[in-house]
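Same chain, two partners: chain A is paired with chain B first, then with chain C.
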Partner chain A sequence: MPSKTTERAPAERPGRGPHRRGPFARGPFGRGPLTLRARRARTAYLFLAPALLFFAVFYYVPIADVVHTSLHTGPRADEFDGLGNYVDAFDDPAARNSFVVTLLFTVGTTVGAIVLGLGLALLVNRPLRGRALFRLALLVPYLTSVAVVGLLWRNILDPQLGILNRMLREFDLPTQQWLNTAPLTTLVVITLWQISGYTMILFLAGLQGIPEVYYEAAYLDGAGSRQRFWRITLPLLAPTTLFVAVMAVISGLQAFGQAYIITNGGPADSTDLYVFHLFNVAFRSRDFGYSSALSVLLLIVIMVFTALQMRAGRRREVRY
Partner chain B sequence: MSRTGSPHTPHDGSRAPAPPSRRRVLALAGGAAATLPLGGCGAGAPEVRGGGGGGGAGTVSVYWNAGHDYAAYRAAVAAFEKEHGVTVRMQKYQWPDMRTRILTDFASGNVPDLVEEPGGWTQEFALSGDVLSLQDRLDADGARMGYPDDWQPAAVRHNEHRGETYGIQLHQTCSLLLYNKAMFRRARVAPPTTWEEVVRVGRRLTTGDVFGIALNQDQSYAWPWLLQNGVRLYDPESRALLAPRAAAVEALRFQADLVHEHEVSAVPTPGTDYSGPQKLLSAERTAMILSGPWDLEPIRKSSPDLELGVAQVPRRRRRSTVLAGTSVFIPAKARHPDLAWDLVKRLTTLRTETAVTEKEGMLMPRRSWTSQPVVRDDPVTKAFAEGLTYAEDPYRGAYLTGRYGELSVDLFRNLYQGVVMQRRPVEEAYDEYVSAGRKLIRG
Partner chain C sequence: MDRTVRVTVYTLLVVASALTVVPLLYMVALSLQTEGETLSGEAVLLPESPQWGNYATLFEEAPFADFIVNSLVVAGGITLAHLLFDPLVGYVFAKFDFPFRNTLFAAILATLMIPLFVRMIPLYVMMSDLGWLDSYQALVTPFLMDGFGIFLMRQFIQPVPDDLIDAGRVDGASEFAIYRRIVLPQTKPALAVLGLFTFTFQWNEFLWPLVATSSEDMRTIPVGLTLFNQEHFTLWHLTAAGSVLMFVPTALILVFSQRYFVRGIALTGLK
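What follows is the complex of A and B.
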């Protein structure tokens, strides 16, 4: 949208041309009035400053500190150890186990979040009675904290005193040891129960952004509902799918509460999620250096996964 | 930020200051907002006002277990506050949260003045130099407070490191057999006294969805059986881990068999706490559990009509059970160590101990406590007091490896849960544990 300032801009740019010195350039000898571009840049930086300060203090400085700590060992992480912690990480069966467990968890929650979220979005995108209530009900678990969800499901799944087995008993069905026989799958299902409402909302927004005219054109060309889904809906939802996939992978790799609240990593480390594992390395084994190295490795893995996903997603982007 | 010039005011001061623009006001407001979270960083950190060291006005910061906020301790703290003119700030935590907190405090150097710990931390943190040695203070005050003569020897040993005392035992507990008297009466059986009887009695008591015994998902509850078979976590002299092997394998297999072979116990469910068996006993879904006095109050509260019995643990090669309990220590960098020491003395008097037992049923480490009427006249407390005479610390010796956490929790949980919950072959799981443990100790 053109503004008054923009219209006057060419007349207020004495710093352009051979004397241009970047966004903060002033007049000759740096003493003249600021150019419009420089004023804009300065305003932008001033507005960005609080956020940058916040990120620096709460993200970048701690990340730098974690990298620094990862090069040290001992209870206080004060003995320089070079890359020793990183070497140990690749040789540690417990770290490997937790990484594999976390990958499986991430695959399960990511695929599940996309399939369930899209399915639910398609369902609530139709004209249904009480649609708003249905959407709200599906979103409520996402608004609940992991701690509450964890405690809730622990009580539901308790093999002796839980509601689920009690119901099975009522119907003369065999009871199940949910957290013993398939603990990781159970955690995936609980996580999907919690996050599917959120992914549904994202897909719903994506669905409502697809112009109706494409469907009408396809319909006139004789495309059936299945063809319309595969040829129009799914390709045009690619940006949403990419976003959901990236966010689900990141949150899957960073999952902690499920193991911390529900299973404590058990039975026998079968749900020892990576972040839960590195938390225990730090606060149970008091090995902050090694724990920091595990954190840095996770950061790298997340960055690589995200970059790969973004690249793959961009290649498949479709425009009509 | 030293620069104060606005976009309208060059920093050479050649112009008169212009009133702040809307943009600048917004930018400053944004900056101020960003500093708010920084101000919150110190929230909850140990706070000290006024004089430090030995006394004067100020705040004495104490980390305490959330379940041990007893009236007798509150009374002792109130008297302490009145006499010294200080405020005691009792910050209550569950053990895992307290550990996270205290380790963070050690790293920052901003520590509380006194910490209650669940057993093992005193030696572990003494090893890393984070705990104050109490030896000088005990040399001065020990005789008056009856230390060490009036404390159970195990309680004294439990808080020693390289010949010096670093902590004082606050509670001393042990695990015994808690059982539902009515269920035993109906099945016409008596509490088991041997492992064979555990199986036999368990079978008599198991009917439908009620089990004779309930094993705990928490690995530490495996130790009574291991101790009864003469197993120790670590022997510093021979450097043997979980030895003797045959006895350890047999004790682990016995527990797995209770679940899978004899089917007298439900499969324990993985989780974050150790209250599963207590809930089953309260709900009359199991007839007996191995547990300590910490489960008495929840059982009485949730099932006031339940006829609760307490029996000594079964024997195998010998009678033994887990010695547990809490200690208090003063961090090396505490700002008020002398005040903290005075508070320790008040919290561990025989009078306070007796009052806590009377109101809460908690067990205590003083020898003279065992002869108090409150112990002698209560059958439950008396039974636990008897248990204390043969209870043992299974981790003794392991604290000094510097790998106590991994050996007793992480790796051992893997072994116990693998065998009891997932039916892993015992020998294979055992060998894996020992191999990983040895590697850890070697560093």
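What follows is the complex of A and C.
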């Protein structure tokens, strides 16, 4: 056992059980304190063993493995190539295109999810009859599989047989080929259709955390509703907005199903989302070395983004 | 609220809800149309004679019964594993003091930052080496636990009074009995949230089952449905019928436990 076991925890530290203080500190069964602590530690490790094994085998080994593989090339990814795959990735127009496409997609879905989520939350937060029903209706798409969402919208937007164009035709309006003329925007809109209910619930929780007294004070001071929104609601919601932004960026950068199901990356790679691209390099071209490097690069981007957003958020936090 | 505001708010909410619900209702309508109706150029919102037989045809055209069984086994198995392991691990981190506790907890939380796309290639190779590709083992084992569930349960167990646990010790209960009989019953609301979340997200999971299966009868519903649609892209009435079936458990869970979902999502937003 490492020497840490012999250190006694300071008795006043909060969160630790009282069983190490008081009359039974020396052990209720006539054993010394070390034995008791060691026994408890043994129990802890016994209960933890499956989890430690699981996270090692299914998270940490794969991470080490993907980094290792990314440094190799060849059909079996067994020839050492140093940073060759990473250099290739920066020179590869297809990889660069898919990164730009994914960034645009992520900006669109993140901004949209914040604006729509906050807007819907402000509406649902009012004392209305039937608001539980509205909340339910708005949340449904989020709990629907991307497969169902993707297939449904592909049908709805189909230029010939889709209901949307049929309706436009019925009203003698010009029909559209959404997935050809504005494919990425269409994917952003479909994704917003799916996730805005989720961000609405997050904002709703944030709104309910703002104490009523601030609004009352502002009201007495003669602040209008617009002022109350910009001066109270929005600044006090900053932690929620940050959380929503981080979540939306992380999931936007990882979007896959939309490209796989709705557009197959096209037309002309204009919706070649990064993870879809990575999936094709790995499982269609069978280039595990290069695709591993691509996945490490995206992981680094996600981690840097998250860290930057957290830092920016901490600096902007408002207290009243 | 004055009258105009109230009317505006209601109008906006009705429009927004209609935008989310009507496409899903259209999916149901589509599933009851004939193949001809789905392909004709006319807008058919309500089919003249609902084709309930489409649902039977779906089971003949694709091994849809297999898809359902696979999805139930995979999502159900993973959910059970989470309910078994996450609270136990959360309990240890909430109530035990042992060497490297904080380091190990940080290591488990850090896995939340490791998305599936990073694990996908090495896991595929691992499953291939084990000969597990295209089997339930490959679909279930990488998801037996997760950092989020453990974190959630630890947060929930921390306020359980230590005196309650010590009382069990004084009575001579075994450590596992203390967990099973004293701690676990206190966590029922959190277990409900954890179970519903895990099941719904695993039921909907798309990427890993797509990567890890190759034979048609091992596919889960989302993968089976998507590939069915790729192979029979004109059979929209059947794709829609499959989508409706896939959506049934989600709808049931939502109707009967919306409360848990809303609370659970709000919980994930807390820090």
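Points worth noting:
Basically, the second predicted complex is superposed on the first by the 267 of 320 C-alpha atoms of A that agree within 3 Å, B and C clash if a C-alpha of one lies under 4 Å from a C-alpha of the other, contacts with A are read in each partner's own complex, and residues count from 1 in each chain.
What we mean here is this: a residue touches a chain if its C-beta (ideal position, glycine included) is under 8 Å from a C-beta of that chain, and two chains touch if they have at least 3 such contacts.
Quick caveat: nothing in here was measured; it's all calculated off a predicted structure.
Of the two partner chains, chain C is the only one that A:P239 touches; chain B does not reach it. Of the two partner chains placed by superposition, A:T106 touches none, neither chain B nor chain C.
Look at A:R286: by the touch rule set out above, it reaches chain B but stays clear of chain C.
In the superposed model, A:N155 makes contact with chain C only, not with chain B. In the superposition on chain A, contact is made by A:G197 with chain C only, not with chain B. Once chain A of one complex is fitted onto chain A of the other, the partner contacts of A:R169 extend to both chain B and chain C.
In the superposition on chain A, contact of A:V146 is made with chain C only, not with chain B. When the two complexes are overlaid on their common chain A, residue A:P267 makes contact with chain B while staying clear of chain C. In the superposition on chain A, A:T43 makes contact with both chain B and chain C. With both complexes placed on chain A, chain A has more residues touched by C than by the other of chain B and chain C. Residues 43, 47, 50-51, 54, 58, 160-161, 169, 260-261, 282-283, 288 of chain A are contacted both by chain B in one complex and by chain C in the other. Interface residues of chain A facing chain B in the complex, by the touch rule stated above, are 31, 34, 39, 42-43, 46-47, 49-51, 53-54, 57-58, 75-77, 93-94, 154, 157-161, 169, 177, 179-180, 183, 260-271, 280, 282-286, 288. Those residues of chain A that touch chain C in the complex are listed here as 1-2, 4-5, 9, 15-20, 24, 28, 37, 40-41, 43-45, 47-48, 50-52, 54-55, 58-63, 65-66, 69, 120, 123-124, 126-128, 131-141, 143-148, 150-153, 155-156, 160-161, 163, 166-167, 169-170, 193, 197-198, 201-202, 204-206, 239-240, 243-244, 250, 254, 256-257, 260-261, 275, 278-279, 282-283, 288, 291-292, 295-296, 298-299, 302-303, 306. Contacts from chain B toward chain A in the complex involve residues 7, 10, 12, 23-24, 26-27, 30-31, 33-34, 37-38, 96, 99-100, 103, 106-107, 124, 128, 130, 209, 217, 266-267, 269-272, 279-280, 283, 285, 402-403, 405-406, 409-410, 413-415, 417-418, 421-422, 424, 436.
On the side of chain C, the complex with chain A involves touching residues 1, 6, 9-10, 12-13, 16-17, 19-21, 23-24, 26-27, 30, 38-43, 45, 85, 88-89, 91-92, 95-101, 104, 107-108, 111, 113-126, 141-142, 144-145, 150, 158, 162-163, 165-166, 169-170, 175, 179, 200, 203-204, 206-207, 210-211, 221-223, 225-226, 229, 236, 239-240, 243, 246-247, 250-251, 253-255, 258, 261-262, 265-266, 269-271.
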